[in-house]
Every structure is written in structure tokens, then in C-alpha cells.
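After this come two complexes, each holding subunit A, first together with subunit B and then together with subunit C.
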Partner chain A sequence: MTDDHEHYEAVVVGCGPGGAAAAARLADHGVETLVLERGPEAGSKNVSGGLVYAEESAPYTLDDLFDGFREAATERPVTDYYIHNVAGNSVKTYDLTDLHEHDTDWCDSVLRRDMDSWLETRVHEKTSATGGGVLTNVRVNGLLRDHGEIVGVTCDELEPIEADLIVAADGVNSELARDAGLMDWAEPEEWFQGVKAVVDMAPDAIDDRFDIGPEEGAAHLFSGDLFEDVRGGGFLYTNADSLSIGTVFHLDSLVEQSAEPHELLDALLTHPLLAGWFKNEYHEREYAAKLVPDSKKVAHRRPYRDRLVLVGDAAGQMQAQGPIIKGMNHAVTAGALAADAFAITRGTADPAAAGRRYTTLLEDSGTMAKLRPRRYDLARTVGERDTVTNAVERVLASPIGSLAVGNPIADRLLQRAYNSPFLVSMLPDTKTGYISLPTLIAEEHGKTIHWESDIEPPTLEERIGDLTYDTDVGNPHIELRDESAAASGAAVTACPVSARDFGGGCYRSEAVTTNGTEETLVSLDTQPCVECGTCAIVADTEWEHPRGGKGVEYREG
Partner chain B sequence: MTAIDPDDHTVDELTAALETIDDADELQSVLEAERAGQDRATAREAIHRKLEEIAPASDAESDAVEGDTEPEGEDEETKADVDDDAERTDGDDAEADDAETEPGEEDGEDPGEDDVLSHPTRDKQHVRALEDGDYADMWIFCETQGGELLDVSREMLGKGRDLMDQFEADYGDQEAVVAFLMGDDCEALAEECIASGADVAVYHEDERLERFLHKPYTEIAAHMARGEGTVESTDWREYDEPRYILFPATNNGRDLSAKVQAELDSGLASDCSDLFIEESDVSNPVKTGEPGVKKTVEKVLHMKRPDFSGFEYSTILCLDNPNRDFHPQGCSVIPGSFDPMEPDADRDGLVVEHDMELADDWFRVGIAEHDRLEAGIDLTGHDVIVCLGRGIADAPTEGMELGLDLVDAFEDAALGITRGIVTSSYQFEGHVEAYSKEERQIGETGQVVAPDVYIAAGVSGAVQHKVGMDESDTIIAINTDPDARIRDFSDYFIHGDLFEVLPRLTEAIEAGETALEPEAVADGGEGDD
Partner chain C sequence: MRSIVLTKGVPDFSEGAVSFDEDGHLERGKTPTVMNPNDEVALQAALQTTVRHGGHVSGMSMGPPGYGEVLQEAMASVYTDDSYLLSDRELAASDTWATAITLSAGLETYQEEVADIDLVFAGFKTADGETGQTGPQTCWAMEWPIVTHVIALDIDPDERTLRAKRLVEGDIDEVETVEAPLPCFVVTDPEFEPTYRTASHRLTHKRLRAETEERAANHDAHLTTWDHADLNLDPDYIGLDGSPTIVSSVDPIPKAPSEREATMIDPDEDDMGDVLEEMHPFAAGAGD
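Take a look at the complex of A and B:
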């Protein structure tokens, strides 16, 4: 069967940072590499908050692999780094620059459309030189198997393609990882949902309002009771002439609280703290959302099967620990290591040799230890169990708790604690870390902000109206398997472009009378979908990405 | 385009290397180079063998013909023309290429012992292959459909405008963008071509040209391009043939491009996605006439096309030989490759009606029947549209019935729905269920309608719905929410429950009174959208 398929030495699926790094490194090794990307251009499907880290300890960084990356493809270097603990109008701010600079060679803000499309051009140059190239508008829809063994990929747009190495760099909700049985999409607690707005601001206004120079940038993180009881936090990063402002929440918490992601984002956008920066001007360029895996729980320890290797979000390699979000840099490292593993093992008879070597390289380079810190595994066993959390919560609520946090020594300790990578990596992902402690800190130490925000963020309807879609009419990429509220109702709130009582979203709950009995059903329209992946996990769906070039197209990302 | 210099190879190596070449002209140039160099008999034989091998599949006519080999529909004829033998006599074949042009000048190459492929034009006695001709302007075939210009026509005009503006900046010569089109009624479309970037628009009107027919279309296009016809219709130009020519890579455009370029005895780069004009250094001896000499050719149209696998681009050039010109430099353009310019009705331009007798014979092949494939229901062209939205949620079946009653009350009305209904989980009863399907959706991803009266009941007026209906003359909205967005672009806004308002409207229409009781009507304010 194998003879009549087109064959490449390597096929890389996805041209985000993970795929770009893998492909560039493969080309450096002289490997004939074909890159398949479903978007009309790399970056048109991608969202991040926007800080690319180059870690001193990392084996590869983007500027190692792509000359001139920082000059051409990034926005501003981060020079100022703060966290704000919020309780009502009271805010306590800590300077986190020390933590930020730990193990950081450089760190720049980025917008993904610009960054990834620049990478795509470089990758195409490199891979064409070894007989391959980048093909956009192609969606890989599954793995090609021969007698049960993975030998290639199948696509919506092209004939099946065989390869000696298949790199799944297809991001979160990787259809290839799912097809290979390496990742499931079952548990909301394994994911975060990120929602973000890109907001216009003139370069000199940014310099002025954030008190930075034209070649400097600021990063601000937010935690506390801004978001009621939903576990997560917010961020604001300065770009060249815009701000990236977003929220990242634990998906299980969003579901439990039936929270509306866009309202959580709006709560941040309209907080008085931000009003000082907006000066009552607000023009939103783009609203975007995407899931991110929680590497502590899902980073795959053996991310390969046969000739297939997983890199980046597809392998769950997205590190979110306390305020640090590191996904792009790890995807780059993993992609480059997978390429090296293939180069080293090329010619070996065992098809899984590259994958095995890649796993070793992930371990030996210390990458796996960052993604799945052992300390966290230990802390989690006590910290995340509800009973313990509740006990800690109760202590914090008591006068003793306030006393402990509220004295001047505690303030210094807290500053130091937030700046300790070790302590931060130990903060278990429970309410205590995200809400109670920050709120208490703000109440006890915070300064009160006395102005109000007059910002009115756009409605969901306006946000959807401002997005660009190439609708695949008559060909929905998500199908509801079970339309009962019990199975799929969570998506009505958790979907970032749906909301209770909003008829224009993807998911709507409807009271329907059938034969005299009324029940609540969920209906789905995929046209406003921003392909974030949430409903793949929280609803009972048949979930795929749209075919090549179709669906939402981000201009900023 | 020559990949191989035979001088670098032994005959065995050369034979192997030839396996990779499927293009007659390229082989031809290898042959020339071999003759000019070592002139080995065995090497020449190897090249001839390969030429024979590819002969049936290859479009032998020119330099740049890129195998647009999937025949679409009548395309087979193009092939038949190529394979036609030389015995054919003038005019005895309705499909022949050789209608009315002057008897041919042979193309100057010696007709010696080689196979037919070394003489691309030998089988076309009457084609005027030019040598040292005069060329100017960029010609663009503007395809129409249903009385409108295709988007790709505007896209090519926009690109042509940019290219020729740059041409003027680079070379100091002002050359024109010339739109050419044909149809049963296309003078107004010619004006539109001017507004979209053309300097000159040449059109030919004839009721028999309503639909694309490739014989007459080819004849007219070639006639236009050569500047034949009455003095009045051609005195705006002073050149033999266009310098450049663009066609859309649509089904008809591909068909026409191959025929016209064959007729003009030039080449064609099919399915291009980028174009630019630049000089080009040429060393191929077939082109320069002298082996080992490099020449610079100016004003060369570089035509980029994605190659078979789609991630590599080939740049195709259409260059003259010393004794035989390959002009116009032509290509077909993939729709969507370029941006149209913002139409400007005030642009100056020359609209020229082309003058030519169309032989009846050309219409021996006609179109007996045609059908536009379109799913199901056509909501356009009615006096009234009643559109239902999710406001019917409380009793979907009843809501639908009320909407249909109102439709029936008008003489010529149809029922439309919002996407909100199409994708709902409402349980419609059998007799109205058919009305809840996508084929009745109005909006961005549904149908676009512009009736005299548009009645929107329980419709919020999302922007994606609005774009499908806001050209309607009078918009009447019925909504329980006085702040519903649709109010912004309604002429009349009825604040009320559709389950009450619709029956009253129906009653009023049937009774012949169109006015509702005043207190229920609130003027939505005109056109502040």
C-alpha cells in the first residue's frame, strides 16, 4: 500500500513556535521536511498572552534558530515586571523583576500573527533548501497507518503523505495526539482557558503611561478578587503600539462557577487600576481565546509513538506556575530536540528510535523537570485536596491569618516569596494561591485607588462582528453528540463566544417543549467559533478543527 | 528555463538527465545547445527519442506553455487543434484555428529533417508569427457572468493598474491597461472596467455572446488583440499586438487563454498567483541566438505560479526567439490573488466598441440549455420578505405559522429566517419544519435580499444578518426589546410581541389597510447605521 504515497523524510504538522523550531532544525540537519499548516498563514490561528522567554538554561531559543528574530518579529523587551494583588479598589503591588529575570536571557512581548508569519517565511526558506517547504491552508485530519503502525498523515486537502518522522506540533487540542491515543480531552482540571484583548495604544502613550523608554516594555500580572471565585489571574503586556490584556483561568474552575470568560476579562479591563493607563480611551483591535494545557498534569512523559513525536502544546508542554506562563519557549526547545533526536537516530531500523531519543533529550536537558516539577507533585498531594484547602482558607479568614500576613515583616517575606522561583513553583493551583492570599495581601497592605473606570468594552456580539471568518458553509467542524443540558450545558457559559441569554453565540440553551414536556436543550452554531478548544473538553461533541483556511482568522494573536 | 547544458554530460549522463524534462521547448533548447556545442549524433538521437516520447502529451506551441493539461469541458478541442495535421485546408472545419488571418510567414527556421515539434507553427499555415513586432499595453480579459464583472476581473484590473504605473515609473513610457470583454450587453460593464483601473475598455456586443462560447470568443479576442477592424475602432493604438495579456484562471478563462494565445502564436503561463515586470538575464542559446552569450531582456513579465505540490513557485517567462516573437506575454491568474482597486466612477478612460463581423459558422456549437446550480430556495426577487428570528422561541411552530400566514397575505412574498433559527434545537412540527433549514437563511453566510418590504419579526439585527437585508427599501421590525440593534436600521419599529403583532398585520393586509394603530408604531429613525 505504501508505494503510491508521496514521501518525505519528515513531516511537521503545525507552524507555531514548536513546528517552526522542529522544521528549522531538521533543515539544518539536511532533512527533507514538509510543514503543513491549517491557517491561511502561520499565526492566523494562534493566540498567546505574549511573552517569549529565552531561558539561560534552555538548549535552544528562538534567536539561536532564527537569526534576527528579536529585531524582526517581537514587540518590546520586558524590562519591568509587577504583580498586583487586588481586593476591591485596594491594590498591593509587588515588583517581580527578580523572579522574572531568574534564568532569563531575554524576554520579549509578541503578537502571534506577526511572529508566526515571520517564522513561516524563514522556515520555508530553510526547508526549501532541503527539498521541502511550508504548505498553508492544509489541515491534517489523522494519522496514516500501515498494519497498525503510524507511517504518515492524512489531510483534508492533499493525498496521504508518508514520512520517516512525523512531528505533531499542532498545538493544544492536537488531533494527532488524540488519534495516536497519547492525549485525551477528558478532564477540565488539566487545562487553562486564556482569553485576551489586543487594545490600541500609541507608542509614545505607552512609553509615557508605563514610564518606560521606546525600547522597553512592561508586564503586569493581576490576582485577587477581581474574578470572584474563579481560579486564575490576569496579565497586561506592552507591545510596540498596543497592549495585550488577558486572563488565564483553570477550566474546571470556570465550569464549576459557571463563569462567563468575557465577563471576567471585562472585570479586568474595567478595573480602576487599568483606567490610569487607558485614560478613558479604549479601542479593542481583537478578542481571542485558546486553551492551554497544564504541563504539571499533562506534559507527556513519553511523547511519541512509532514515528510520531509530539512537541509543544500538543504534548502538554505548557508551563504555568504561579504568574509565569511559559509555553512558546518550551515548544521551541522540544521541537529542536525532536529534530536532533531524528538526526542522531537516522538510519536506525526501529521507527520509534527518534521518539525514544527525544524523550531522553527532554529529560537530560532539564526540560521535563521544569514542565513536571517533582516538588509540585509532592505539594499537590496535600495542597490541592479540598479538605486541606478549606482548612488553609479558614486560617486565612481568621484574625490570625490576617495578623500573619499583615505585619511588616510578612510584607517583606511576601515580596521575597513571590520572587522565589522555588516557592512559586510550590504554590498549588488552588483558591489559596490565586484568590485568598492575594486578596488578603491587598486588604492588609494595599493602597486604595480612588478613580473609576469609564471604559466600556465591546459586547460579545460586537467582538464577534469584528473578527474575520471564512465560514465553511454547510460544513460545521464541531457536532454536538448530546444536546442535553447535563452533557453539554457547561459550554453555554464556558465558551468564550457564548453566553447565557445571548442568541448570537456558539452555544445557546433553549427551553424546548416536546410532547408536552419541557426540557432545556443546548444548540450549537459553529460560525462564531474561535476554535479555542473549550467545548471539546466540557461538552459532549465530535470536535475537529475546520478544514484548511476555514474558520476564524486572527490578525493580531 | 534550460536546466541542462549538454556539454557538461556524457551521452549516457545526458540520457538520464533528459528523463527529468517533459517540456518540448526545453528539450529543443538542449538540442540546440548540443548542435552548437559538440553536436554528437548519439546525443541528438537521445534528445529526439525523448521528444518523441513526450510528443502526444505536450502542448508544443511555444516557449512558455505550461501544461494546463486537465481538459475542462470543451478544452479537448484545444488539443485537437494542436494535433491537427498539416493537410487541413483553410476553412473546411468549423473548429479550425485558421479562419481569416493572412497567409503565414513561415517562422524562419529550416523545416529540415526533424519531427514536427521543432517547428511549433508548421501545422498552422496561417498564423502570423511575428518577428520584431511592435508591442505595447497590458490587456486584461474581463470575464462576466449574469451581466456582472467577475471579482477576478476587477482584481486583475487592480493589479494591472499597479504594474503599469510601476512600468511608467521604471521605463518612463506610459502604456495603457486595456480591458477587453464581450457579451450581449456590456457597454456599461466596459465603463465599470475604466472605474476599476483600465485606461481603455474594448468591448464587443452581440446577443449571441450572452454566454461563453469559445470559438467566437477566441476569434473576437484575437481580432481585437491584433488591432483588426475599422479605423475608428482601432486608431487609438499603434502596435501589432499587446505586450502583455491576462486572463482569469476560471473554467472559461483557462479555456479562452489557451485558445487565444495559440491563435496569437505565443505562450501561456497558466494559474499564476503573482506578477511583476523586471529585466531578465538570458543565456539560453535558443533565446539569445548565440551560445555562451548573456543578454538582458527588458520589461519581462515574470509570472509566478505554484507548482504541482503547491509550496514551490516557478517563475515563467515568455521570451522572444531571435527569429520568432513570443508576444503577448500571457498568463491566467488565480482568482483572489490580487486586490481590486476602490472603483472610481470619475476615472478617465476610453471605451471602444469593437467592430467585426461574426460568422454564423462560429455559432454552430451553441448552448441549448443552462442551469445555475444553487441549492434550493431563491429568496431574491420578491416584493416582500418576512423574516423570523429567535423571537419565536416560546412557540416555534406557532411562530412559523404566523409568519407563513403573513407571507400568504401578500401577492409576492417569501419566508426567510435568521441563522439563529437554522442552528436552534427548536422542535418544529412536520408541516413547518421545512422552513427552518439553511436554504432560507438570510445574511452573510446565507442569501442577500433587497425586497421592497422586509418584515423582521423577533430578529435582533446582528451585523451578519444585516448585510443580507439592509438594501431593502422599507424595513419593518417587530421586537419586544426596544433597544434591539435592528432598530438602528429599521424604517418602522414595532415594539411588541410578534405572537400578537403578526396576526394583526396579516389581518390588516388582508383587509387592505396597511396602517397599524399609531400607538404601536414607533419610527425607528431613518438610516443612521
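Take a look at the complex of A and C:
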């Protein structure tokens, strides 16, 4: 320790659910805890599909850590859960409530600005009592090292800070995890990308149209041929007075198909199935995007280095359990366990003692087994081999396949199979599970919808125009290292706020003629950036978060 | 550090709030009174001092009883621990000179009744009078050093000195660094920006902001009002009688000449064609 730097026992970077849980638990242990959040308010940088789970088997849940959480910070409990297999206008719906309720104590829809800002207030109360507190508008930009060992953090806005424990809860684009060499932005296969629209709907209209009570909520998933050949699906969750409607796709599939994420979202929004709920009224409050790590592939098995521990998205702790994505609950568990690990090992000379204990706690609590199921590792070797996929695809496409999926017994079995946590966790990341099978189910068992949708979602330009930005003029947070189409062209379509032939997005491609030869170059304007991190993976960039308080500010999240 | 921030209530000149009569004279009765915008900067400087060194900030103003709201605004929007209002019918219609005499009496009384003062902060000019004289005149009456146009401030509590950066405007802006002993009078420049570069300062700032907002909700409990007797002032030397300034006349603000004419047209009708025809020569660059 040097006298030059301020010192706190613990510094938590990021005040989402993972950081909030870590900080609250550290405060419970009497640890002097400083929380640094780069947004103007917690939640202003955060997006989720919108369901937070409390698992019966989890050691910690949000309402354990924060009294009154569900009453104050969530939208509706999810009481009805369905998946819709779609083929054109033909739809076959399965009740997924059994899968949804498996190991579920409760599950509520949430909007992150409301939820996280509520958590921030509670965390500030708790941590202030330890001599710390929550500071917003502060971006932590890297790790402070002493003779190569991590001893603290550096910030854009503040002098460096030393700490005995550093909790990186700085999200999917964690700059600390990358600085420590624990995570990278290398492979599109390891990520999903989600986009979401929050759409106005009056509470009684929600109750009426989704056939639920005021204290109930519905979740609907969508798969099949809605999204052409892009692997992924859609979701719709009911909030108190709005709907969260979104789509989530494998990033590698988005890139392969040169698909436009906002168009895939529009394909869902304009499907006749949704027209029955909208009743020709559509007002979009907010368009948002987020990168989602696939924990099966990237959840770090030993998420620590020296005094640094990673929790939540920063550690890749986002579980895709078949169609159900669970992230916030694991971040909460991980954050609280990291805090416990520090409390247990407090005073130990070995700086990595807390990290090691945290790893053990993740294992012993069964959390790591959920994030990286062993059976997936076994299944993926089979499931992702093209020959197997092709063979299965051919069978499904054949009359025999249609017959097998199409008979009435298969219908019942399929609904049961969808509800099996064991089976869905083995679903390989191929088009079979996402597209071929659901399409076939819809074709064979589905009912045809005979009305059309009149919904016209906003254009991408309008969506960007409706977002709130505090642009850091003259100080772009992303630099394009290679502007060739080969290196960075994928960002033009994959970036959720860019599109082909759209001049108002982040990434544009331009034909440039030099010395008589024409080549396509990519240019970048970070003003409309929603900080999702997609381009960091699919393009060649130097990617950082904007300075504290700058950039996009989500109102809903 | 014990700081006093001098604030003044001014008409709210913001769009929609301000009201002028037909002759272009300000209608005080119809225009709400708000804290002089530049005073916020002075309050920020006092808050920065308190965050860094601890201490106490008192807001002080001269004006009718309603000016308690201005002091409340100072407490709510930035920071003060308590408020002192110098209010008396005898003080009405004071010019800068009489105001300075009254304020210096307020500061003297404060030193006698409350505590020794280390720093007095004032904003640069008021939005109504724009004389920029009251601060320096008050300071002259106190016989303290004054540092004006301050854009950055450091205090050394042990040495009892301050070091300030001053923005000196000339053909080009120059920044001058000066040192002065405490107690001292500081006039902040609108360019002054408080800086909090450590986590502990930011945490303190956040705590003080929360406390002052809570306090401001119950402002009357923190407000002390002094009249001319409390201030030990002779009525002949204050208010209108003590004001040597003679206002020769007040010019109404001239109305902007209106040369534009608006015609509503229906974009779906033939009217649009007429507009295009009318605009055409200008589009071609042939307009005059």
C-alpha cells in the first residue's frame, strides 16, 4: 500500500444486480465498501429481456438481500408461460409453465432502470454505514497494479483507488475482466445478441388481452420460421403497464446471415399472432440492445486474479436453459458469494484467497454446474457436428420426419420434452432446435391465424431519435482499427443501431475508388451507440465504455 | 472553514416566467423571484471548500421577508447549513452602496453573534442590476482582501491562506494564480467549476447534498432574520436615504421589429404549389 492512493476495503465496479448483491452482502459483513457506477443512475446502462428468477436451489435471491424488493422494484410475477412454434401464419402453442416453474421460487418481469435504481438506493444506504457508498458517473477504466499485482482500480473521473477486494460487476463488456486477461471478445459463437422494444399497454388492457389478473403476468416465447434461418427466438413479457418484446439470436448466426437485428424484431412485432394483443395500437417507448454471454461456453471456471473477482455478465454467468435465459439470478448469487468469500478470508495475507474461496463457493453451491452443465459439454460434441445436424435435418424434412413429429402422441411428447430441464439444456446450438423442429411442429399441429397485422414499428432512425444520449463530443469511445469490409463489414448489419443503406447508424459501408479500383470501406460514428459491445466482437475495434455519465441513457432498460 | 455566501433574489428572466408591461417595463409583481444565477457558482465554491476541509456554510441575503425563499433555494439547490436574511422596511430601495453597508453590518454581526468568518463568497454580477459593485464594496467596508474572477480555489487551513486561479480577460484569456490570507472575500467567475477527484470527496459531496435537500424542506427552522436594530445600523445611512445613486431614467427594452408574416397553408392542397412557386427564385439563387 502506498500513501498516495485512497484505500477502501472493497471496491465494487458496477451497480447492477451482481454488484448490488456483492455490495449489500459486503456491507452486511461490515466491510467498508465503495461502489462505482458509470451511469448517471444505476440501471441507465442496463438492459435485460426482463425476467428475474429466484431459484429454490440458489443460496441467495434478490428478496433475501433486499427487503421489499418484489413489491418495490419488479413489474409482475410470471404466472403463465408459453412457447409458440411458428410456420408462416400457422402457430402451435405449448404450455411451458412446468419448465418455467422447475426450481423456481418466484419469477418477476422487470424493467432495469426502475429495478437497478431502486437497488442503488438500498445499496447506498447499506454501504454508507460502512464508510463507503455508491458513486455514479464514475467510469472505472482499468486495474491499478503494483509490481504486476492487481491492487486497485483506475478511473476516468477519480484518482486511483486501492482495495483489498475488487469486484468486477461491470457487465458483459467488462473492461476489468479484459484488463486482467480473464475474458476476451474473440468468438461470435460464444455470444447471443438481444434487441428489445418496450411497448405501452394500459394495465387493464394487459389483464384483459393476456387473460391474467392484475397481480399476474404472462411470458410468451416464439420460435420457428419467423426469423428466416437465423438461430434464435423471440419473447414477450408483461410489465405493469407495458410489454417487453424482444428477440435473441446467436451472434455467429446473425453474422453468417448478414441479418439486421431490428428487422428480425420487426418480424416478430408484425406477426399476426401479436396483432391480437396490440389491437392496432402500438407505441414503442424504447428500443434497446444487449450482448449476452453463453455461460455454457464462456462462464469462467476460476473467475478471479489476485484481489479481483468477476461476477455476473463480466464472468460470463448468463445461463441459456433452452429457451429460458437466466442471468440476473446467477449474478446475484455470485455477487453475494464473492462477498462471503472475502468475509471468510478477510485478513489473510494471500491476496487471491477470496477469489479462490469464491470459486469453491460457486462450485459447492451448484451454481457453476448450472452455468456450465457437464451434459452440455458431452452433447455439444455430437450436436454441433454438421454431419449429425444435416442427417437430423434431412429426416425432419422427409415425409417420415413430418409423420413422426406430426402424430398426436408426438404432440404430447414434444410438449413434455420442451418442459424437461434436462432435455432443453442439451439442445444443441443448431438450426434444428431453433427453426426446423418448431416450424415442423407448427406445420403439423398448428392452427392458422387468419388475420393480418397492421402494426408499423418505428424505423431504426426513429428508434435512435427516441433514445437519450449525452454525447462525449470529440471523444469517441470506439475506434475502428481496420476499416476494410473483410475485417469490420459485419458490424454494418450486426450492430443493432446500424443497417445497410442507412446513413444515421454507427457503422456505414461506403464504396471508395482509389487509383481506379473500387473497394468497400467501413466508417464509424459512435453517436448512436447503445454500448452493447457487438462490434467489439464482429469488427476490428478498440472498444471502451464512454466516460462516466456519457453515452446512451436508458429510461426503461 | 466558516463560509458565508451572499445571495440575491432577482426576477426570473427565463422564458415564460418573466413578464413585461406594454411599455417594456418589468412587472415585478407578476415575475417570480429566484436566486441570482451566478450565486449558484459561489455556493458551489463554498460547498467545495466544505467537502474538502469540513466546516459550515451560511447563506446571507438582504431583501423583503419573501427572500427567505431565495435562501431556501440556495440551501436546496447547492448547499448551506443555515440562512440569514437582513430584512427591514428601512432597507428598501438601497443602491449598491447602501446594500454593501448593510451586508458588511450583517457580516460584522455574524462574527459577533455566531462565529468568526474565514471566507465570504459572492457571485459575479446579479442578473438584474449587473453592476458588479456590491461584492467589492462590501469587502471594502470589511477591509478584507478580495479575489475576483476565481475559476479554481485551494485552501490551506494550516497556513490560513487561499490560492486561487483568476480568469483575467483581455485580448486573450489569461489565468493568473494568486495567494491571499484568510479571512478573504472570493468572487467566483461563471467559469468556476468545482472538482472532486477522490472517492471520499465525492461521497462527502453526496452526503452533504442529501442533508441540505432534507434541511431545505424545513427551511424556516434554519432561517434567522435580522432588522436594522439587530444590525446596529442608523436608518439615515441605509435604504433609500443611504443610497447616493440617482437613477436618471430607465429605458424600456425595445421590442424586436417584426417583419415576418405567417400564413397557414394546407400541405395537401394546391397552396403548396403556390409556395413552391414563390420559393423557386430563391432556391435558384436568383432572389433579392
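Methods note: the second predicted complex is superposed on the first by the 556 of 557 C-alpha atoms of A that agree within 3 Å, B and C clash if a C-alpha of one lies under 4 Å from a C-alpha of the other, contacts with A are read in each partner's own complex, and residues count from 1 in each chain.
The definition used in the following text is that a residue touches a chain if its C-beta (ideal position, glycine included) is under 8 Å from a C-beta of that chain, and two chains touch if they have at least 3 such contacts.
All figures in this text were calculated on a predicted structure; none of them were measured in a lab.
After superposition on subunit A, the partners subunit B and subunit C collide with one another.
When the shared chain is aligned, no partner comes close enough to touch A:Ala349: not subunit B, not subunit C. In the superposition on chain A, contact of A:Tyr8 is made with subunit C only, not with subunit B.
When the two complexes are overlaid on their common chain A, residue A:Gly133 makes contact with subunit B and with subunit C alike.
In the superposed three-chain model, the partner touching more residues of subunit A is B, compared with the other of subunit B and subunit C. With both structures placed on the common chain, the touch criterion links A:Ser523 to subunit B but leaves subunit C unconnected. Within the superposed three-chain model, A:Ala186 lies out of touch with both subunit B and subunit C [touch as defined at top].
Contact with subunit C, but none with subunit B, is seen for A:Ile161 once the two complexes are overlaid on the shared chain. When the two complexes are laid over each other on chain A, subunit A has residues 6, 34, 128, 132-133, 135 in contact with both subunit B and subunit C. For subunit B in complex with subunit A, the touching residues are 309-312, 389-390, 393, 419-420, 422-427, 438, 444-445, 460, 462-464, 485. If you check the complex, the residues on subunit A that touch subunit C are 6, 8, 34, 36, 128, 132-133, 135, 138, 157-159, 161.
Contacts from subunit C toward subunit A in the complex involve residues 197-200, 202-203, 206-207.
Taken in their complex, subunit A has these residues touching subunit B: 6, 34, 124, 128, 132-135, 461, 465, 471, 473-474, 483, 503-504, 508, 510-514, 521-525, 527.
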